[in-house]
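Quick notes on the structure that follows.
Should a chain be cited, it is by its letter among A, B, C and D, assigned in written order, with residues numbered from 1 in that chain.
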Amino acid sequence: MSSAPTPPRAPAKGPGKPAGRSRELPEHLKAYKGVWVFIELERGRVHPVSWELLGEGRKLADTLGVELAGVIIGPNDGSVGAAGADAAAYGADLVYVIEDPILAAYRTDPFTRGLTALVEAHKPEILLLGATTLGRDLAGAVATTLATGLTADCTELAIDMETRTLASTRPTFGGSLLCTIQTLHFRPQMATIRPRVMSMPDRRDAAAPRVVTEPLSMEEEQIVTKVLDFIPDRDQDTAHLAYADVVVGGGLGLGSAENFRLVRELAHVLGGEYGGSRPLVQKGWIPADRQIGQTGRTIRPKLYIAAGISGAIQHRVGTEGADVILAINTDANAPIFDFATHGVVADALEMLPALTEAFRRRLEGAARAA
Amino acid sequence: MPERFEAIVVGGGPAGNAATLTLARGGVHVLQIERGEYAGAKNVQGAILYADAVEDMIPEFRDEAPLERHIVEQRMWMLDERSHVGTHYRSEDFNEERPNRYTILRAPFDKWFSATVKKAGALVICETTVLDLLRDGSGRVIGVKTDREGGEIHADVVILADGVNSLVAQRAGLRNEVKPDHVALAVKETHFLPSDVLEQRFNISGEEGVVIEAAGAVTEGMLGTGFIYTNKESLSVGIGCLVSDFVDTGVTPYGLLERFKQHPSIRQLLDGSEVKEYAAHLIPEGGYRAMPKLFGDGWLIVGDAAQMVNSLHREGSNMAMSSGRMAAETVVELRRNGQPMTAKALRLYREKLDASYVIKDLKKYRDLPSVLHRNKQFVTTYPRLLSRAAQTWIRVDGEDKKTKERAIAKSFLKGRSLRGLVGDAFKIARAMR
Amino acid sequence: MTTSVKVEEKLFQNRYLVDEGRPHIKIKDPNAVSPTLAKLVTLCPAGCWSMQPDGSLSGSLDGCFECGTCRIVARAAGDEIEWSYPRGGYGISYKFG
Amino acid sequence: MHCVVCIKQVPDSAQIRVHPVTNTIMRQGVPTIINPYDLYALEEALRVRDAFGGTVSVITMGPPMAEAALRKALAFGADRAVLMTDRIFAGSDTLATSYVLSHGIMRLAAETPVDIVFAGKQTIDGDTAQVGPGIARRLNLNQLTYVEKIERLDPEADEIVVHRRAEGGVHVLKTELPCLITMLEGSNSMRFASMDDMFRAARAEITVWSAAEAGIEDQTRCGLRGSPTVVRKVFAPKPRQEKAKLIEVAGLSASDAAPQVIDALLAADRKLADHLAAG
């Protein structure tokens, strides 16, 4: 049987030594300069949250009067270079890069080793990562290794000029409250930010960025975890309401289980997910994992279309986080109109197919033009 | 090998806790089973706690139990649609060393009581529902069956404290279904207010409390009462009527509560409060005549499950504790004398009840439920007559007092006729004898 | 004056541990709705029972208080109702009570 | 197989309300529960034990009242419960918490070697999802977070294959025991425990370890002093006041109204327009 786990590797002593609670930044922490954004590169594609964070990082760097850098860790198949050019186009002054074949697919140990080495060598004061499953996994490991502060799932970042520290705001207690957290006497100040929270910056054509490359001092034999396969979601029809960008929801106003088909069709055209309110689950029109609302899934999409949903408070709690909410209901004073951003007083059974058609024409038009 | 205990108590309310505490202290190997997530999760009450029943078992309860306020003022209101007439009794005497009446919140209180029961050595298991009783060939109860795998548990005696619905006794054929005119459905909300605002509104300070009982037009012709009890930083606001009346009138319980809250005499008391919970529960109202058989071979019934509530005086939880304690004392005595838990031996429980206020009070008011049930005028006609009379008497409008007195007397005669008035007085007197 | 009371707004404040997919109360024949069973629509303090357009009586028991009123009234009128408490720990869980 | 499950007692956040008028945070009567994400971790550990035998230990760091959460975990079927409680743990953020829990797990491992440490994906009150990774780093465990399914487990070969949620799909990962696993919500559903489990839980002794008993020498790494992050303030989000902007469609047929509705939506939010254009 396996031996007892070895005693914990003492985290790097260095900057992690806890200092007193005084406002003044201790001497050895002054060496930490610059704002870094981890560019999440997987299977040759960069997750858009990385560009959103470069936009936010630019603001923080300008406030502090320091440089903004992108950090790219990946295989040496050229995708890292391309990502570096894009990073510059989205505002990065320079990029720190580690390229190595064993970094083809994300694994905790090699990526943590690489990012930790870059931080210890070049000492950023702020390190931002996207709150994706990759970003959160990596951030947790790196923050523990560096024994520094990490705030997760932030929805707002600002600089507290009094202490030149990052003030990150995030939801707590299941989203019913917000709290502002700071890392006063430890560097770097780490934070993960949810996708689609920060706005996407404009892409400007920029010269190739300054690149600082570091080696990954690690061999494949040292890495225990192996990636056997990647199964894309297309194959499984599992509802990913919590992560969807577009959600179309149906309620009792649809009148019957058959009419729920209209909700699925619109969701399909928009490349989004479909779901419904609690009563639909009870009537068996939709499975429980398709339920939107307090006892179902909390959704935070860009667009939520609520068709024939009255908008009971349990439903509001689960959908209020959407950027744009279009409510379609025949009852003008249905509660849903109190928290939707846009409303159409009409019959969902007519509006849904019409919207499906109009969106299909609009999107095909856009596709042909691109 | 199924688990075996000397006694099993079904239910974690006042009756169940009192029984289990007394059994544990009496050295009985006892298991208590509660279906809620914790003791109190499923329990609802106004709630007023009368100190004596608790004090008998836990003399220092005032220092440990979560109590809200001790009651210094009792208001009894008779309401018509736009007014109330009533009596307020308040006395400095109630600011005494060991107050007699408290307002409580049942969830925290039952949790505290349950912790005391555990400390006394009883084994308490929550989140488990007892479905039925186990019997031997001769029909003697020898344990319970729960809704969990491997859920058959044996015991020499089972004390049923599972509340007004008394489902276990029904399923085991020990009693038949509860009747609609033997129970009241009460709905209640907990309204939160900053304690200083609450204290200003009710003219109290510190730990002092006010309770209001309201009857009359607010129950919209149904037999029932409303109440407002002051807690530390909240008000318990509720109203309840006979289930049979709700069936006849078709009034919705939540509509009744909403209109009660809008009544001119009540609205301002709730101004600016935030409702944190809406609850509903049945209350035994059938009194002595609705009580089931209380004991048998290997079983006893206590508390609401035995329908032991004296509704006129709003006494339920104290009767639950007293009956729970007496049932447990019976088992402790029989066990000490080495007697088997047969029906004959368990009759001792009934004898203890008969000798106590429990049966005496229930017998005293055994006709009251039916009298009130058949004479709705006590909650419809009289409130209006009293309110009119009060207004006639108070208004100074040049009419001479003799004429005013005659008008009031005439209104009562017109409202109920001489025979009706005398008849009502006689009925009430007889029912209270 | 009729007060339009939105029951589900009231229930939102309460704490329920819903036993998904295991309703604890069943009307034997929801399509044979006797006059008494029809009264459950106004009688239930949590508004669990509602008449469907096709005349049947349907119950959504997430907000049930387990008070027993529907059982008592149905059986008093001789109607068939399967009534049990939810599984241990599930259902209403009062914070104040 | 010896599985250790880290759980946390948290307020039932669904019950925390913001007063609509005064915007103050109303905390009265909020009960404490086991962090819901931890239940998926506990159920998975119980399934591993059911399949391969061995024991499931549950460990938490918190005030004395956190024992209730351990009692409940035992009631689900865990074999042993450890409460780490000490004044100096108060105010720990996730870094300090993972430091404390790592010592507790090491002491458990000294009694019986630990094969898998399970933790919830995150807590509903802290939501930082770092305690798992923190423990994995400190105890040199292979880290497998956001796991949807354990596909294969071979105790003899100390090998495990899992499905880990990634963007747009799942990675199938193979690694060696001992490892740390955090389960994704919805990956399983908690069992309804047997009567024996309930009895065992009600009678079980909860092991209580102070900092010293858990072998913690460097007390500056615990509690507030060991916590790099500091919560400056907690406040209520401003509720969305304005009502919906009604798009006028009266008199229009649905097919005529639809394009106007789309224009209104795209005009409202650039991100939405970019997203839909990107197809």
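Everything that follows uses one rule, which is that a residue touches a chain if its C-beta (ideal position, glycine included) is under 8 Å from a C-beta of that chain, and two chains touch if they have at least 3 such contacts.
Remember, predicted model here, so these are calculated numbers, not experimental data.
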Which chain is in the middle, if each chain's centre is the mean of its C-alpha atoms? D
Computed distance of Cα centres, chain C from chain B, in Å: 23
Find the geometric centre of each of chain A and chain B from their Cα atoms only, then give the gap between the two centres in Å, rounded to an integer. 54
With chain centres taken as the means of their Cα atoms, state the distance from chain A to chain D in Å. 18
Separation of the C-alpha centres, chain B versus chain D, in whole Å, is 42
Tell me, which residues of chain B touch at least two other chains? 38, 107, 127-128, 146, 148, 190, 234, 276-277
Shared-contact residues (touching 2 or more other chains) in chain A: none
By the touch definition above, chain C meets two or more other chains at residues 13, 87-88, 93, 95-96
Classify the chain contact graph as line, ring, star, complete or other. other
Sites on chain B touched by chain C in the complex: 35-38, 40-45, 47, 105-108, 110, 126-129, 131, 146-148, 164-165, 167, 177-180, 183, 185, 187, 189-190, 234, 236, 243, 246-247, 250-255, 258-259, 262, 275-282
Taking the touch rule as given, give the residues of chain A at its contact with chain C in the complex, in rising order. 278-279, 282, 288, 295, 312-314
Chain C residues touching chain D in their complex are 13, 15, 87-88, 93, 95-96
Which residues of chain C touch chain B in their complex? 1-3, 5, 7, 10-11, 13-14, 17, 36, 39, 42-43, 45-47, 65-69, 71-73, 75-76, 84-89, 91-97
Residue positions on chain A within touch of chain D in the complex are 1-9, 11, 16, 18, 42, 47, 105-109, 112, 132-134, 136-137, 139-141, 143-145, 147-153, 167, 170-174, 176-186, 196, 199-200, 224-233, 245-246, 270-271, 289, 294, 302-303, 320, 323-327, 336-346, 350-351, 353-355, 357-359, 362-363, 366-367, 370
